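First, the structure itself, so that you have it in front of you.
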Amino acid sequence: MAAYTRTARAADALREIRITPGFLPHADGSALIECGNTKLICTASVDEGVPPFLRGKGQGWITAEYGMLPASAASRMRREAAAGKQSGRTQEIQRLIGRSLRAAVDLASLGERQIIIDCDVVQADGGTRTAGITGAFVALQMALDKLSAAGLLPHNPVREAVAAVSAGIVGGVPLLDLDYIEDSGCESDVNMVMTASGKIIEIQGTAEGAPFSVEELGALIKLGQKGIAELVRHQQQALATARR
Amino acid sequence: MAAYTRTARAADALREIRITPGFLPHADGSALIECGNTKLICTASVDEGVPPFLRGKGQGWITAEYGMLPASAASRMRREAAAGKQSGRTQEIQRLIGRSLRAAVDLASLGERQIIIDCDVVQADGGTRTAGITGAFVALQMALDKLSAAGLLPHNPVREAVAAVSAGIVGGVPLLDLDYIEDSGCESDVNMVMTASGKIIEIQGTAEGAPFSVEELGALIKLGQKGIAELVRHQQQALATARR
Amino acid sequence: MAAYTRTARAADALREIRITPGFLPHADGSALIECGNTKLICTASVDEGVPPFLRGKGQGWITAEYGMLPASAASRMRREAAAGKQSGRTQEIQRLIGRSLRAAVDLASLGERQIIIDCDVVQADGGTRTAGITGAFVALQMALDKLSAAGLLPHNPVREAVAAVSAGIVGGVPLLDLDYIEDSGCESDVNMVMTASGKIIEIQGTAEGAPFSVEELGALIKLGQKGIAELVRHQQQALATARR
Amino acid sequence: MAAYTRTARAADALREIRITPGFLPHADGSALIECGNTKLICTASVDEGVPPFLRGKGQGWITAEYGMLPASAASRMRREAAAGKQSGRTQEIQRLIGRSLRAAVDLASLGERQIIIDCDVVQADGGTRTAGITGAFVALQMALDKLSAAGLLPHNPVREAVAAVSAGIVGGVPLLDLDYIEDSGCESDVNMVMTASGKIIEIQGTAEGAPFSVEELGALIKLGQKGIAELVRHQQQALATARR
Amino acid sequence: MAAYTRTARAADALREIRITPGFLPHADGSALIECGNTKLICTASVDEGVPPFLRGKGQGWITAEYGMLPASAASRMRREAAAGKQSGRTQEIQRLIGRSLRAAVDLASLGERQIIIDCDVVQADGGTRTAGITGAFVALQMALDKLSAAGLLPHNPVREAVAAVSAGIVGGVPLLDLDYIEDSGCESDVNMVMTASGKIIEIQGTAEGAPFSVEELGALIKLGQKGIAELVRHQQQALATARR
Amino acid sequence: MAAYTRTARAADALREIRITPGFLPHADGSALIECGNTKLICTASVDEGVPPFLRGKGQGWITAEYGMLPASAASRMRREAAAGKQSGRTQEIQRLIGRSLRAAVDLASLGERQIIIDCDVVQADGGTRTAGITGAFVALQMALDKLSAAGLLPHNPVREAVAAVSAGIVGGVPLLDLDYIEDSGCESDVNMVMTASGKIIEIQGTAEGAPFSVEELGALIKLGQKGIAELVRHQQQALATARR
């Protein structure tokens, strides 16, 4: 994308963020997260029991599933349930979400139970995987709050809040939180999952066009840290609302 | 369900209905339909081209897909994309939706194109398949309006509006528009798909408990006709809003 | 189908029915049912044990599977085992058969065992699902008789015999028990599953062409009740033969 | 199986054979074959067109599919269409049937068309694969006769009739045409597919218990040649009936 | 293949054989077997536990899996894991390998454990299934030696060594151990699995072109017995090396 | 992993690297790569034709598939072809390999053809995905050389060599090129795909234990750049050998 200038917001600005906790009443925790035009429903469901490989080990587990409504994208996508399998992209994303949330939680103090995260994209405009992680953390914390309220947890097993954002180089300029048009045109793209204190849980950088330098990576990480701090504030506000 | 008395509404009353047209901007037509606590996103996507068995026949096609968000139900359901196949129930429902809408449309005047309907349940409290048909008709008409506006259709191919509702006998009493609790406890259950003029497109009655008489069936159909008339009014209001 | 006159039999006549009990000696119950040129092998196999969702509940279960020999239809169909999955139509039919037979049986008095019904179409000329239900009831009753004879059942768990038939409007005329040609040309088609006493277990009506009125539905149901009564007589004769 | 003596028939006798041509009227060729209590429906369906790897090569193809009704065996088998795949055994058998029939036919003179053989076991008592080949040859020849009668074949593309039979050593004694009980108890088992003139198309010998000597193999082959000659006579009679 | 003369080796000569025991250190037993340009990695893995149908019967089991690296063949083959299923050919081969090895072993003295054989083709030039059996026997014996050394087996459960080879008629001449070119051009092809003492465990002969006579089969079996004896010597040398 | 000290090699040293070009003669390009005990066979196969989404666009494509021999890992893994699908991990790895190689090549100058990369793990001891990329580049360049030699490419479409390596923090110490034991015990792990000139094509960092700081990431990247430079030298030597 040659000579791109972002006009609607600053290069280091997030899109407008809105998190609506408790969106799906059946789930143990849930949130609708909107990052600009990207919208996902994130839920957390507690399942008493763990996968076979953890049975009897006295610790819990967090796993995630990801999906897109067929009409969420600009042109209708094939429904994965009809196709009979989840695409490689879907599996990669849900593995990332699960790994990121597990890194934020002390699984031992969760007890022998599993929390299943669902991230379903209602509308896609870039950054669905990072928005999913950010929203899923809110749903997860709500489910943990519910377990705590029921006296089932000795203490909050969350070590630190976790959020995620992308940054990329478009037309030579490092930009925070790419939308779909920017993402399609970017030369390189980094997805970052970080803690409230700015430490890295997961970083995935890809040269879509030309390879990028270590210095460019540094600039993108800086943007990411700024964005994450702001997203964590949105999460805390949403959780404060939910806890009221 | 012994001695059930419905208190929140009359035996012949629908749940509160709300139809929000244009809910998903990427789709050619879309609506969020809420029938009490049952909520679905219905979309219609135009696909230039028809399935192989219709190629060269100069007519169009309408097909439907149905899904449920895992956390839409009272206890989390397995994601069908993860299970690797759609359940028999899902296939039965999407075949019903497709058949019902095709019966309402003159496929010949649609031209060689296909309209794909998606009905995704966001929250389930009984009657998702009938709500899906009612909402999908709105999405379908919006997509057809869009084709008309683009000069691609000689005239509106819809013959008559179509809507759907259930009725059942609970504790001996015929009730219109069962919610999940009522549906679970009913002795017999009839799903009706009808036209605005009260004619039958599809009727499916099942004795969940004891077999029912032809007279009982007659009573349920009467309830259904009343409900359908009201649903058609909601559809027309939603379409009027969308067309403004 | 314009101006159709059925010449081979009266509008309210069934095709020639023949039920041969004990057709497959390995099965606990079996019958070959022939309705005109439609021929199915129906079997019932007793399985000591119930599906997981019923374990320990002290009741039994009946489930059904349906298949067609590839060469049973006018043009060879793809073998579902080779395709790797059962079509939506197949699943819909086998769900219907299972539901219909469960409605005729007191599952609690069946004990913790499952009866598996197989309906395999050897030759298809319309009405395979209804013929399947009618034939499967005979196979089911034979399997129950065998359990009774072995002292495994306190009493016959069948509440009432169940049979099924179709009726439809062809060329404006209501006709009982459509064959394939009539079914392809009919404007509307109703499949009915009823008890010996004429009560409805399942009714599925579909407008293949124009929607139909409630009065037309009434006429078809009357035809159905007449047909069911006759089918039940055939079942009783077959069972009398089998019990000799 | 120690000290087995076959009493119902001689060691070198086939079970009672019955071939009913034209059993399924929809198929281009069909036969019900009964070898004692083993019963299969064999059909041949002509498909104008060949598999992709043969397109434009000016020759035809013969392929085969095999299935068992769930209740055909002594204890109900799982339906492969429900399991979602054909077992290794099924695939092995259908590959064998296809290969055997292709070896009997001059594929070049068949033209660019495919003949699909279906062998469906209605009742199983040992030897279903060999009975399937013997019966399928009749169905195949009938389909070829039909093509010839329509002037679509320059001459009969069958080089020589083909039939199949098993022989095995049970309790130390070589026996022709094993039934299920004998097959389960045999020390070694040979399936033979041969031409009318006694040449080998396919031979598959397996030591179920102890390995067997080359001399023992010789004795079994001799039995097989005798059985094949008799089976070919049954095929010719059935075809003569069909051609009348 | 008209008028073929094998020049590189005698008609009754094997290709150059090399067996490298212990090729994969993680496996309980392993061997790289090279028969001319055909190369396979064969491994044996001990699994404490048996398949469900053998539980509690006090005997062991041997099963086999077979695969080909996509680039092992002359033109790249589709990866079966990507295709989502194993071909009929693959299943047939792995069933043959498992059956052949089970016939060589006293499963009762193996105890309630399973040995899983993997045969993976690294380079294919004809005869992969027979080379697989020959190499797998070495891997199997190594795994059994390891169990013996750990005091887990009362005695060596192998009754007799087992090896496999092909022979075929090419241009009218019987040849031992066909390579890919010869196999493609042969009129008939016999795969033989035999014991060290020359007895038959499995024999599979197929007429690729014209049917063959019983005398021709005899000539091919003689070649096979000669080849097997030589292969058994190679196996013994490899095992002697491994045991050192 | 508390207080780990790597003794066999320096913290910034690669394991012993060996690349054997031309390992599989059937493939257009191939290499066996050994990184310590991790061994993979990498091949490149030229396919004239591109995937549907690229047809007529005048550019080429590179795709990759990844697999593990069941016995390559410390305890036998289930064969994915037998399981009927590739795991999420497999799909993630093969997507990474394909993306990395595409980033190194000018796809437009490749012409309308596809190069299929296969990376098959023969022995696994950590770092299979990075070794796969490093080895696959050699196979890819060999296939391109072959196309060039045939006059099918105007110039070498490779922009710059690409290689990959991991680095991680184990017991607080940053280490290059983790083996399986180190990888299992590491606190954080970064996989890097870089060009010969030290630019980033792909970077994937994961906190396996505690989140890591941006400074720690910097230290790991430095190690990676050193390792990549050395791996590129090995690739060039292997290619020089292959070109001789």
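Letters A, B, C, D, E and F name the chains as they come in the text, with residue numbers starting at 1 for each one.
In this section, contacts are C-beta pairs under 8 Å (C-beta built on N, C-alpha and C of every residue); 3 or more make two chains touch, one makes a residue touch a chain.
Everything quoted here is computed from the prediction, not taken from an experiment.
Asks: Any chains in contact with both chain B and chain F?
Replies: A
Asks: Please state, in steps, how far chain C lies from chain A along the shortest route of touching chains.
Replies: The distance in steps between these two chains is 2.
Asks: Farthest from chain C by Cα centre, which chain is it? Let me know.
Replies: Max centre-to-centre separation from chain C belongs to F.
Asks: Call it same or different for chain B and chain C: same when shared residue numbers make up over half of all numbers used at their interface.
Replies: Same, since most residue numbers here occur in both copies.
Asks: What is the distance, in whole Å, between the centres of chain A and chain E, each centre taken as the mean of its C-alpha atoms?
Replies: Result: the chain centres lie 51 Å from each other.
Asks: Averaging only over C-alpha atoms, locate the centres of chain A and chain D and give their separation in whole Å.
Replies: 60
Asks: Just how far, in Å, is the C-alpha centre of chain E from the one of chain D?
Replies: A distance of 28 Å separates the two centres.
Asks: Could you list the positions in chain C whose residues touch two or more of the other chains?
Replies: Correct list: 84-85.
Asks: Record each chain of the ring in the order reached, setting off from chain A and passing chain F first.
Replies: Following the touches around from chain A to chain F and onward: A, F, E, D, C, B.
Asks: For the complex, give me every residue of chain B touching chain A.
Replies: By the definition above, chain B touches chain A via 24-27, 30, 41, 43, 45, 47, 65, 67, 69-76, 79-86, 90, 116, 118, 120, 122-123.
Asks: Please give the residue numbers of chain B that touch chain C in the complex, ascending.
Replies: 85, 88-89, 91-92, 94-95, 99, 103, 160, 188, 190, 194-195, 198-207, 210-214, 217-218, 221, 225
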